[in-house]
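What follows is a set of structures for review.
Below, chain A partners chain B and then partners chain C, in two separate complexes.
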Partner chain A sequence: MLAGKEIRRAKLRFGLLSGAVGLLVFLILFQQALLGSLLLSFTGALENQSGTVLVFSEEARKNVSGSVILPPEQAQIAAVEGVGSSAGLAEGTFTIEAKGTDVDASIFGFQPGGPGEPTRLVEGRLPTTPTEAVASKEDASDGFGLGDTVTSVDGGITLTIVGLTERSRFSVAPTLWVTFDGYTALRKASNPDATAVLPSVIALTPAPGVSASQLAASVNEQVDGVQALTRSQAVNEAPGVSSVNTSFQLILVLAFLVVAVVIGFFFLILTVQKQSTLTVLRAVGAPTSYLVKALLKQIFLVVGVGLVVGILLTLGAVKGASAGLPISLEPTTMVVTAVGVVLLSLVGSLFTLLRVGRIDPADVMNRQNAGGLA
Partner chain B sequence: MKLGLVELRRKPLRFAIAGSSLVLLSVLLLFLGGLLDGLFIGSTGLLRSQPGELVVYSSDAKDSLIRSRIDPEVRAKVEAVPGVSATGGIGVALVGGQLPDKTDLVNLSVTAFQLPVSSMPSDVSLAPDQALADRSLQAFGVDVGDTLLVGSAKTPITVTGWVSDTDYLQQGGFFVQPDTWREVLADSRPDSNLPPDTFQGLTVKLDSGADATTVADAIDAATGGATSTLTKSEAVQALPGIKEQNSTFSAIIYVTLFVAGLVVALFFALLTLERIGLYSVLKAIGASSRQIFGGVVIQAVIVALVSFVIGGVLMWLLTLVLPAEIPVAMEPARAVQIAVGLVVMSALGAAVSLRRVVRVDPASAIG
Partner chain C sequence: MAALELSSVRKTYTSGDAEIVALDHATLEVGDDEILALVGPSGSGKTTLLSISGGLLTPSEGTVVVGGQDISTYSAKQLTAFRRDSVGFVFQAVNLVPFLTARENLMIVNDFGSSRSHKDAKARAEKLLDELGLSHRVDNLPGQMSGGERQRVAIGRALMNEPALVLIDEPTSALDTKLGEQVMELIVSEVKSRDTAAVIVTHDQRMTRYADRTVTITDGVLAA
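Then we have the complex of A and B:
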């Protein structure tokens, strides 16, 4: 009751604190949503294809776009013991005209039936002819919907969308999956001087009884000039992914720290200002637990309002920002962030709680205005 | 106002609470700003350093250098356009390079040039096996005299000097002769092979007094729409992700500045509350609301500036331990922008206490 009354009488102070916490929660949540969507849009295609091992050329430094596997290496990789099946997977960026607009699109060329096929098909079917393609569901409204036709601007080849994938974009761009023959035709049409169209990586599935990591190790041991990675390694170690991850983690740690510091110091100042009042309360019989509970109530109320404000702002921003990059906020991210903010607020307020717990009712006798000696 | 300064000098710890929050926010702001600048510089250096005012791509490349191709016939049409003083072919191959005695590879943007970029001597001359490397590659162990094995064919190329601010799409600038670039491109990406005299793009120098936009339009008209000609700044903005990156990071920076304002407002609201009695005494002996409020604002500004300096030092220490892969660049202009933002938001935050200061009644000093 005391806690609520104080808040009602000091709306500005508590309002400012809740507002600051709300904005910090918004920053934390929005950046997490951005990070998740960015990483998924960077590497979703690698994560959701059927090859459990991907073999890159060594000089590509785990970058699909910079990798080329030459024919002798392809033969050597296929001959490694433990390989169940192998197939070339090519990737390139093309200018595609969709719905009358030219857009940059990543195109993957895969061998139908072989490793490297998209695995998150949600509508339609996989392509079977060179002029068919599967697109990302996330881009369906931009002219990449089922039954739509898109045209490769540099070469004039028209592709019909026959299926849609989810969570399978690459390099934060609309992503199409075509047969390897279709990819070869697109490449040759865009550059008549191309001497060969080679796969960017080789996708592998291990033979029965062989794990993906064992197979990757065998390929690295037996074939020179290539780097084999398991699918999860290829996703997590893709260029840019780890640096984006580290940068955002640092930003998030700083933002969480600011939450703890702001809340902790706010309640500390407030407690110091109220010290004499709290001492009187203790002297007239209010137990320590009553004062601690009142303080905890205020902390939970301020953090609760801050969380609601932050979540609402984030949901609004996510809705508004989904034009370029399909940003989404996972419920688990919200829950984990909320729990983290509450815990950090309690940690930040620990010193204040201890101070309240240590108030000695006898100190009231030191108050000059109560006849004490000070 | 003086009283405010005296209090700051004698009781600096009283302001440590707001200060520590602002220090953390300063580090956050500088890191965000540094990351934004680092990403921009590392992606756009090649285009920004071009000597010409215009960049010409083939129209079907959607302003992407890697997908563009300008053959000699198109180039001749460009050169015939009135206002064009000179053209230089440019091309890039994004490949890995291996350092001598090291297994690690560095990301290179092997770049062909015909007109020297801004950081090169005007009479630059390279042999087929020589290159000028961007200074950013020093962080990855590259030095003058090193012979790097470049691309799939491991073509040996020796670094003979430095260029600066020429990176492209986060890969280190590595300037070579056009024929060397074509060789690397053909070996590493056979599907991107280009014949002799064909480049991916052109940098176009203009006659003095020529209007860049008018000449750009004239070039695209002269080539019958086969080209897309952009000014240098348009070409930079057309790079994938640059605009989105800029708007997202700027929004995060502005929200963080707003949080800083709220923190300062909160702190000074509490501080003012604590000093109500003192303010009434000051008013009773003749101090005006303006003087008292001026003191509060000056305290907020000084706390913000000191916090920014401490945050700047912490950020500088952080850059020393951050891995080279994280593209953080500390630009003076960005630091000034953040410092000004922080000071303005702090002053605005402190202004929240104005109403309470004005309402202090001098008569309350006597009970």
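Then we have the complex of A and C:
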């Protein structure tokens, strides 16, 4: 009775708090969605290709664009025990004319059928000839749609888009997947003096019974001058990714703390204001548990409404943003955020809960001139 | 049976090294339909005596029996239930929950774990408010009522659980003389009509005429 009636008779006050919590939840969720899509735009191509181990040249320091694997190393890697299959995967930045505009695109050359193939094909098919390419769904409206043709500016090779992937971009640029032969042709056209086109990394799949991390360890042990990483290591340790991650995590932690502090202060102020009333209630027979339950009920209600508001705002924003900026929100992220917000609200309100628990009913006689709330 | 029996009740506080005696071997009996006025200067121990009688404080020595229950050794939890079921309180000024209506202020005591149903509590609250001349105020918040009306709602709340003893602390201190007299008359008629006992603490000698008996307290010592 106590908790609900108070909210009903102070709708504006509680409504504003729920709104504030809702906006903070929106901030937290939207930021996570943004972070997820930003990281995917950085390393989606590595995450969503079929090789579970990627071997870089050691001096590349986990940077695909700076890595090159020479033929002898390639042979050594393929010979390591535990390798199921291996294939070269090349990556380079090319200026591409699409829809009459020149853009810098990241192009991956993979061996059809081998590890390193894109795995998130959502429309069309993978390329089979050197003049076919798969583009990202996210770039489809910029001249990289199914059936569109794009041309490399240096060398004038025309590629036809025969398929679309999702979540497979690289370095936040339009990303194309071509066959290794197609990649070789593009390289040679832009640099006619090039003698051989070498893969940037070697994509591996382990033999049955061998795990990706075991295989990476074996390669690192047996082949000099290379660094083998599992797919998730390659994604998480890619240059820039970890620092972007850290910066975002820091903002997220701050936003979570703000939620705890806002809720904590609000209920603390409210409780201090009505301390005389709560003391009277204790004096006339309200058990401590009754007052604590009423407070918890209010916290859960305010946070619950705030979460609903925040989630709805985020879903709306994600839907609205999807046209230009491809972002999405995982249900797990929402659940984890919701649980986190509820827990932190309780932590923030701990002091208030303790204060309510410590109310001494005998104080009622001394408090008679304190508040004048009655 | 007496509504309240205090036997040699002592209450002391320590302040630094000194021991302060708030109540010194107080012995008092209040009959089951008696109205007792307790008068004395401020700091004389009136409030301590009222708090001990109502289970807000526990005595340092002596026994306190209210409506046949010896509450001297009750735990904090037992005292809470005792205050809910067996005594009614009317405090000086702060009595009501500001965000509850008059009716809800009465019904809330039922919410603390009473056996009475919500429907019965509502009916009883409305009947009490009607008797107190507040039938037009049942849905008003305390902020919308006058000081006298708020005190009357507090009397209603004190009687809500049919207590054996009503403890009233300076009920008229926040009211002018005329209103104070009206409130006292109401208290007397409500208490008398229910065969309930009451202890009224006041520093105003004029209010003692409403009581059956007056006891004076000075420096923690009772004198008839």
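As a convention for this text, the second predicted complex is superposed on the first by the 324 of 374 C-alpha atoms of A that agree within 3 Å, B and C clash if a C-alpha of one lies under 4 Å from a C-alpha of the other, contacts with A are read in each partner's own complex, and residues count from 1 in each chain.
To be clear about the criterion, a residue touches a chain if its C-beta (ideal position, glycine included) is under 8 Å from a C-beta of that chain, and two chains touch if they have at least 3 such contacts.
It should be emphasised that the depicted structure is a prediction, and the values quoted were computed from it without experimental measurement.
**Q** Which partner does A:S247 reach: the first (chain B), the second (chain C), both, or neither?
**A** first
**Q** Considering only the touch criterion stated at the top, classify A:A283 as touching first (chain B), second (chain C), both, or neither.
**A** Once the two structures are laid over each other on A, A:A283 reaches chain C alone.
**Q** Should A:L270 be classified as contacting the first partner (chain B), the second (chain C), both, or neither?
**A** first
**Q** Which partner does A:D104 reach: the first (chain B), the second (chain C), both, or neither?
**A** After superposition on chain A, A:D104 lies in contact with chain B alone.
**Q** Comparing chain C with chain B, which touches more residues belonging to chain A?
**A** More residues of chain A are touched by B.
**Q** May I ask you to decide whether A:M365 touches chain B, chain C, both, or neither, giving the answer as first, second, both or neither?
**A** A:M365: touches chain C, not chain B.
**Q** On the A-aligned overlay, A:Q31 touches which partner chain: chain B = first, chain C = second, or both, or neither?
**A** After superposition on chain A, A:Q31 lies in contact with chain B alone.
**Q** Quick check: in the complex, which residue numbers of chain B touch chain A?
**A** 17-18, 20-21, 24-25, 27-28, 31-32, 35, 58, 60-62, 64, 66-67, 69, 94-98, 105, 107, 151-152, 154, 170, 186, 188-195, 198, 240-241, 244, 248, 252, 255-256, 258-259, 262-263, 265-267, 269-270, 273-274, 323, 325-328, 352
**Q** Taking the complex as given, what residues does chain A use to touch chain B?
**A** Residues in contact with chain B: 12-13, 16-17, 19-20, 23-24, 26-27, 30-31, 34, 57-61, 63, 65-66, 68, 70, 92-95, 102-104, 153-154, 172-173, 187, 190-191, 193-198, 225, 239-240, 242-243, 246-247, 250-251, 254-255, 257-258, 261-262, 265-266, 268-270, 273, 321, 324-325.
**Q** Which residues of chain A touch chain C in their complex?
**A** It comes out as residues 1-2, 5-6, 9-10, 274, 276-277, 280-288, 290, 361-362, 364-365, 367-374.
**Q** Considering the complex alone, what residue numbers of chain C touch chain A?
**A** 47, 50-51, 54, 56-57, 77, 80-85, 88-89, 91-100, 104, 107-109, 111-113, 141-142, 150, 154, 157, 161, 169-170
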